[in-house]
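Next up: some structures, all given as structure tokens.
In the two complexes below, chain A is the common chain; its partner is chain B in one and chain C in the other.
Moving on, here comes the complex of A and B:
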């Protein structure tokens, strides 16, 4: 029987210990967003199978997805996409471009650029409601 | 059994493929999001999908996305599980669910695209 050291605390407590460094937070967020996106690709593939059932089935389904609630969810989905994409690039730089020496600066770029892209995407997605809002103020 | 669940071996082939597919997905997912999700008003009717699916570029694009995206996501998911100590039976079950559901949803997605 192999030696199995017992963790001094519970599973949750042991895992939470990793959160003391910014890099560890980035690592945990990368996992959570990755698992979320994987779950989403399953939903996405399943939802679009209605395309095989003809125009009516698909267009009826799209009526639901083209509602404000789903547009907001779509926007929130983009936060997962943009974080995982940018942090993924950071990981590539850390491994292959000596990025370990400046990975915390890269992390600041990831968060900064991420927020800018997220807000930019929001403006792009909701440009019509935003325009209408400003039009009603005039 | 350990060989099949990846508990032995360096994991290097999976790592480099995860890296390559990741860089590919950086381009593919962001393009997909800007084309398909950035503009809620366009391209979400059956007719619009039909027109897009008659363009070999978008057909190949979506087939690539489904294949590479599923593989990257599931290899990553397996990577998360692999970080925890599991009994062989649990490990094999999770691995089996990942492989089988991955193949099933790949067939589902490819079938949708190729139905056009």
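Moving on, here comes the complex of A and C:
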């Protein structure tokens, strides 16, 4: 029988099966947050189209965005921005400085700083509403 | 102690799809190499099990395979390096055609390797003695020159999985080895080959190659130096 090599599995299956080390986890998160931010751009532009329907339509929409649900979503959006930005800087250091030699330490900084910024933003955003909520209980 | 190996099998003359087969083998201690266990299977239980191995000491690079989900050399991986309490999964290198069992077709890998002209090019007349290179300049090449062409890096790279034209970490590492060689005169020819969307720029610094390299070469660092050189060339 003629020699017939078996073609490899598809890249999605290979990605799922292969061991994920810290570098590849960082890359996967970078891709996911990048896709999330791209999707958000479209939502953002769509939201702005209410401007074409006059000031009232726009103000009504802005009121909707001031609801707690949208604040939480905004906070989550901030987490995408923070990770994508910080890891983007890590990639620049890996590519243009000697970051490839200490990329895991850089990643630890990305995660650490990311969590601090995320919690910090949460405090800034929700300090007042939470304080008000407790005040109303008294 | 008893250890279970779960080996991916594929016989092109009989099977339409690869399948897994389990073998229970006897291992002396944690320092036993995966290669010895594979040889035990071949010699004692199933002579048809097919895999490459030559020097068996991490020099020839022929027994690259995926062990417990990660590319490694079977001869350089000890039992203590993997979780042997559960069946050890042994598969051929990923994203590359399978010839039989754990043997893969490396033709494409070598084609890409040859594309970067992996040999010294110097058209100047030879000097009376050797082409001199200082110790400092030679040291810049030592790490990249450790490559044994096992293919663990290129077949571990998600960029290679999704782009079959990507030249891959092994070829880029070899490009570095000659581009930064002070005795070589063909740096531009090689840089032209890697300065493409399927060349150095396809490296997304995922570091799978670095994790997989059995010779502990920081391939991503070498690719970053190539990228820098490419950018400097444009300026």
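What we mean here is this: the second predicted complex is superposed on the first by the 116 of 138 C-alpha atoms of A that agree within 3 Å, B and C clash if a C-alpha of one lies under 4 Å from a C-alpha of the other, contacts with A are read in each partner's own complex, and residues count from 1 in each chain.
Keep this in mind: a residue touches a chain if its C-beta (ideal position, glycine included) is under 8 Å from a C-beta of that chain, and two chains touch if they have at least 3 such contacts.
In this text the structure is predicted, and so the values were computed from the model without any measurement.
Asks: Identify the partner contact of A:42: answer first if only chain B is touched, second if only chain C is, both if each is, neither if none is.
Replies: A:42 contacts chain B only, not chain C.
Asks: A:124 in the overlay: touching chain B, chain C, both, or neither? Say first, second, both or neither.
Replies: first
Asks: Contacts for A:55 in the overlay, against chain B (first) and chain C (second): which applies, first, second, both or neither?
Replies: The answer is first: A:55 touches chain B but not chain C.
Asks: Can A:103 be said to touch chain B (first), chain C (second), both, or neither?
Replies: second
Asks: Name the contact category of A:80: first (chain B only), second (chain C only), both, or neither.
Replies: Neither partner.
Asks: Could you look at A:29 and tell me whether it touches chain B, chain C, both or neither (first, second, both, neither)?
Replies: neither
Asks: Both chain B and chain C touch chain A; at which residues?
Replies: 95
Asks: Across the complex, what residues on chain B touch chain A?
Replies: Per the stated touch rule, the residues are 19, 22-23, 25-26, 29-30, 33, 37-41, 44-47, 49, 66, 69-70, 73-74, 76-77, 80, 101, 105, 108-109, 111-112, 115-116.
Asks: Touching chain B in the complex: which residues of chain A?
Replies: Its residues touching chain B are 31, 34-35, 37-38, 41-42, 45-46, 48-49, 51-52, 54-55, 58-59, 62, 65-66, 71, 74, 77-78, 81, 85, 88-89, 92, 95, 121, 124-125, 128.
Asks: Show me the residue ranges of chain A that touch chain C in the complex, using the header's touch definition.
Replies: The contact residues of chain A facing chain C are 1, 3-9, 11, 14-15, 17-19, 21-24, 27, 91, 94-96, 98-101, 103.
Asks: Chain A touches which residues of chain C in the complex?
Replies: Interface residues on chain C, with respect to chain A: 10, 12-13, 18, 66, 68-70, 94-99, 104-105, 156, 158, 161-162, 204-208, 210-211, 218, 220-221, 224, 227-228.
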